[in-house]
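Following are the structures in question.
The following pair of complexes shares a single chain, subunit A, combined with subunit B in the former and subunit C in the latter.
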Partner chain A sequence: MEEYGGGDLLSEAMGSAARVVVVEDCVEAPGAFVLHLLLKRALAGGGAAAFLALAQPFTHYDRILRKMGCNLSLHRRNERLHFFELQAFPAAGGARDGAIADCFVRLYSEIQRVVEATRTGENAGQFTITIDDVSLLEVAAHGSVDNVLDFLYYCVTLTSEMNCSLVILIHEDIYAVEENMGLLLHLRHIADLVVKAAPLSTGLAADVHGQLSVVNKGTFSEQRAKAQKVWSFHFKVKENGTDFFYPGSRH
Partner chain B sequence: MAAARGQTLGRSSFSRTTSNPAASSSGAAGVKLGPNGAAFVSSGIPDLDRILGGGFLLGSVVMIMEDSDAPHHLLLLRCFMAQGVMHKQPLLFAGPLKEPRLFLGTLPAPVSSSKEDGRHRVMGAGVSSDGRGSDEGLRIAWQYKKYFGDEKASSAEHKDNKQEFSNDFDLRKPLERHLLNGQNIECVSTQDADNLRDLQDHCSTFLSKLPGKDGGSLTAGRIAIQSLCAPQCGYFEKDWDMIQFIRLLKVMVRSSNSVAVITFPSAVLSNSFCRRWQHLADTLLSIKAIPDEDKDLAKLLTGYQDMVGFLHVHKVAQTNSQVPVILEASTLSLKLRKRRSLMLERLNQAPVDGSSGPSSAASGSCSSSQGSQLDF
Partner chain C sequence: MAEAVVRYLRDGRLDGEHAPALALEGSLQCCSLAAGAMLHVTAALASQAAAGKAQSRGLVVVAFDRSPEVYLKFMRRRGLDANALNRCVQILDCYTDPLGWKQKFQNRQHQENSTKQFSTNKENITVLRNVKDVNKMMYSITELGGGFEEEGKRYFSIAVDSISSLLRHASVPSISGLLSNLRSHEQVSSIFWLIHSDLHEPKVPRAFECLSTMVACVEPALVDPACVESPGSMSTLEQNYSKAKFIVRLKRRNGRVKHFYEDLYVEGNDVKFDSAPASAEVNQSLVPKVQFNLELSEKERTDRANVVLPFEHQGKGEPIQIYDGRRSLPEGQRDPNLAPALVDELVPKSGTAKGEIHYVRDSDDEQPDSDEDPDDDLDI
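Moving on, here comes the complex of A and B:
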């Protein structure tokens, strides 16, 4: 990943071997820009991606990524990007418990199918599955955490079997209260890397949009054992990308 | 004081550089085009439109967190609905009331334009007529931001657009009946509904009647939902149903030419659900009332007498862009000018002795303020 990332702080902090990346954000500091960046890198590296969009329609991502220099429509036509429009997921009639589980099973097998198809194809590069976002998956499941977790664990198995990586966005502040921390704790457990966006404690600023901390769980690579575990730096989101910098190091 | 009020009329120091008022005219009444392929409708409060960079974004869901003690959110909701009626835009209202149609009777009427002009003139003249006119040149500029850019605010062409796009509403005068009768206005009661199925069907038929986004004419629809999660609703405590409803509403609104404004009493939701609601909002505002006689606040802030509350802007809708909107100030004071029309202003700290008007303090008020810091 590094050679395509232009060597910025985020790619340096993330390394290249993370299988499961969990992006946490909150109302004050949305973290969707990290997903955009990772999606762009995944596609730029000659790899393929599946994007599970629950939050926004395709046009939204298309226009954003286009400004960043990545043509999603083109990738979609070339079957490098498999875009799942899940804004209305599950389709009508999924109110009963069993029906929801079926919907998830169908969704998973669809993903599995595209991953396998890509693997057997001529470009067997890295495959990235991105979920935007898990909190909405939980809403779609009508609050059934078990169904969501089952689905996520199945996706995690793909990462080891199929040379995939998984990027998951979760709104961390929803799970701040102890009794419903379950999903967040599970995600943190399966993550190799946690990227957390937080607002500045000093409040609004036009030049700094927030703080990003990257926690490297470090279990996935021997050489990186000595590498830095926790990174934190500031970010500023721009139309064509994002600036990352250490506090106070800018101008 | 009156002179000072006149100076601040309909203006704040915030202006987005990206919004281009010159390119803002469009075919349909009440719809303004902005950058990034965005289209706006007015919130009914000209100040709020400007703060949000043009108004409420078409295709977005605006959520307003209510104050638990005071019904100030209704002011915003009424202005939003009345503005739609003025533009003859289709309107769907849902509220936890027995007779939601009665709510339409409380919508405010616009300040008539002749009167508006008259008031402008009075204000121009008032400077000299109230005997302090000669102080004009000597005004102490401790709030000098207020006096900036009056001319810059492109009075002529901007105003022509503005007259069409948004009206000033007189909250004391009800909207004339005949405007409400011939309109495409639907009302739904959520009071005894056991589930949200009904409301959802209403919304989807309402939206399907609108011309689509790619249709030639831009007729914008407005959905106003009052107190979606109020305890008197039959579906109260069906948290997942409610959030699913918002999620589906968001999808429907997104693919149509409409704006949905939802107010909700955030205090009755659990913490985590409140967060979920906030995440689903495209534009998120919250309203806080201020107590009637808070002596400390009265000392701290100028214009406290007309203040009815604070408006906090948490999120501003952005389509097709990942850059967040950073406002110059996110907490604004909500004022009733002459007890009639709503305006929003940045908070201004009063000078040390709490004298209310900048021009009334000819001497003595230029001593530095005593480090009274408001923490917002």
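Moving on, here comes the complex of A and C:
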């Protein structure tokens, strides 16, 4: 079993300084497992997390993370995990533009309240905000990219003010067409680190489920300026975790 | 040439002219480097202003993309002390709360328990809470700039980072209006802004380029169209994240445009510029920089002219004669009937009597170059 606190390729590639992590995936290679790993790591490290779930219900994540050795229900009860079920978001419905913006304001202020409450508590550890996924957030906003971006930018401000990090999942292939690249490009711009899951470029294989490339754009104020910026390796998703390895280093 | 750019911004406006403006453009492939270049120019100008060498007394930074702390930290690393920062730098913070959400939230909280104040504000940071109102922004900027006023001199410079974020809240015409109003404002010494060119349609960066006197593009050092897609080009990508080209286009007052470029790279926590060896000035033709040499030096040119090609007749001083298929008579026995024009193209003269091919044409009736098909009598 892999060790998640450190040691595996992904955490080595990601380093520790990244504030805004964007995970890009596509239909052939879903990147949700990266979110699970990061969520587990955030909670295991003594920090707290907020999870904005649009794609799946709580029980889904609970089941998966339990296999990986992390009890979400317990963390939720201890108020270490703040789980937002947003399948019905925006709650008040209504396609009026102002109404949607209001919903985002409310959602944001809820998050900010949670972050502040955690900070004033006894453990001032790292706080991780995870969004699964932004594409659905855009759907919830009735396709209004501006509202989503406003919301995301506000979340980004939390990262610089309150020792937060932000993890965002986006389905890259939805934005393959030139004219609606907007959201994807903006996300790539605000990201410090882009993790991209893609199917194996050489075709299907039984032991390899896909390849992961990590681009550490890192602002140069970061300490480890000499570090490698671009990583590429293969992954294999298992029941209780994920294996990362360099091409050709297995079998 | 980053120095030259900073020099232009430092020298500020001339009498009867608008303030010089720099548009800094970056794309996704090297956006952290473009941001670095922006910080570099900002810090350099601020330190010039602090040292009293610039026309402007101070710098107003309109911060959208980064928190104001990032600028202050960077300037401190560049050797500006707290005193100089307070004196010469004002930051209009459009990053923290651009739409007033936090204030709204804070007010609500305030009504409920009225305990703590949401104030992280320092002396030289002003939070703008309604970015959509461009007029208000204009007002705030000029008000902050007026704060530098000192013994009669009342110029200030403006940095906008970045226009791309501003464009999400306001339209292109209104921002163009803002920029040109600021340029023509009598207290503004210089203005520069960053724009992420790939976030917009191509015409949008163009519109802002038109307003500027200088354009600096930060472009990837190595261009590889498939750089994201194919894993084989990881090293290209890696290089592009650590190094970029800083291309400057200077528009002179008389309309002449000058091009320069430099290498831009990150070293430790700082941004460095390196004028590319022996090619700091790009030709007007903008020949792309390639790995191999496209031009020849003078010596190479003469050497090339002296090469004797293998198919060239090496006459060794004798007149060069090329056989045209007409005659096989030696030169002495020239046919007097032939036109003199044809004469000089004759049989090679046999200097050595070793081996020769004698060829005697069957008949002279036939024209050598007749159009007649020699095979037309064949019955196929």
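The rule is simple: the second predicted complex is superposed on the first by the 241 of 251 C-alpha atoms of A that agree within 3 Å, B and C clash if a C-alpha of one lies under 4 Å from a C-alpha of the other, contacts with A are read in each partner's own complex, and residues count from 1 in each chain.
Here is the rule we use: contacts are C-beta pairs under 8 Å (C-beta built on N, C-alpha and C of every residue); 3 or more make two chains touch, one makes a residue touch a chain.
Computed from a prediction, not measured in an experiment: that's the story for all the values here.
A.B. asks: With both complexes superposed on chain A, which partner does A:Ser213 reach: first (subunit B), second (subunit C), both or neither?
C.D. replies: Second partner only, subunit C.
A.B. asks: Output check: A:Arg250 vs subunit B and subunit C. Expected answer is one of first, second, both, neither. What do you get?
C.D. replies: After superposing on A, A:Arg250 lies clear of both subunit B and subunit C.
A.B. asks: I'd like to know which partner A:Tyr153 touches here: subunit B for first, subunit C for second, both or neither.
C.D. replies: Touch partner of A:Tyr153: subunit C, not subunit B.
A.B. asks: Just subunit B (first), just subunit C (second), both, or neither: which does A:His142 touch?
C.D. replies: In the superposition, A:His142 contacts subunit B only.
A.B. asks: Touch test for A:Arg77: subunit B only (first), subunit C only (second), both, or neither?
C.D. replies: Once the two structures are laid over each other on A, A:Arg77 reaches no partner at all.
A.B. asks: For subunit A, what residues appear in both contact lists, the one with subunit B and the one with subunit C?
C.D. replies: none
A.B. asks: Spell out the residues on subunit B that touch subunit A in their complex, using ranges where they run on.
C.D. replies: Spelled out, the residues of subunit B in touch with subunit A are 36-37, 239-240, 243-244, 247-248, 250-251, 254-255, 270-272, 275-276, 278-279, 284, 314-315, 319-324, 326-327, 330.
A.B. asks: Residues of subunit C touching subunit A in their complex?
C.D. replies: Going by the criterion above, the answer is residues 28, 31-32, 35-36, 67, 69-70, 73-74, 95-99, 101-102, 104-105, 108, 120, 164-165, 168, 196, 198-199, 230-231, 234, 237-238, 241-242, 266-271.
A.B. asks: Can you list the subunit A residues touching subunit C in their complex?
C.D. replies: Residue list for subunit A touching subunit C: 105, 108-109, 112-113, 146, 149-150, 153-154, 157, 160-161, 182, 185-186, 188-189, 201, 211, 213, 215-221, 225, 228-230, 232.
A.B. asks: Which residues of subunit A touch subunit B in their complex?
C.D. replies: 26-28, 30, 32-33, 36, 57, 59-60, 63-64, 67, 87-88, 135-136, 139-140, 142-143, 171, 173-177, 180, 204-206, 209, 237-239
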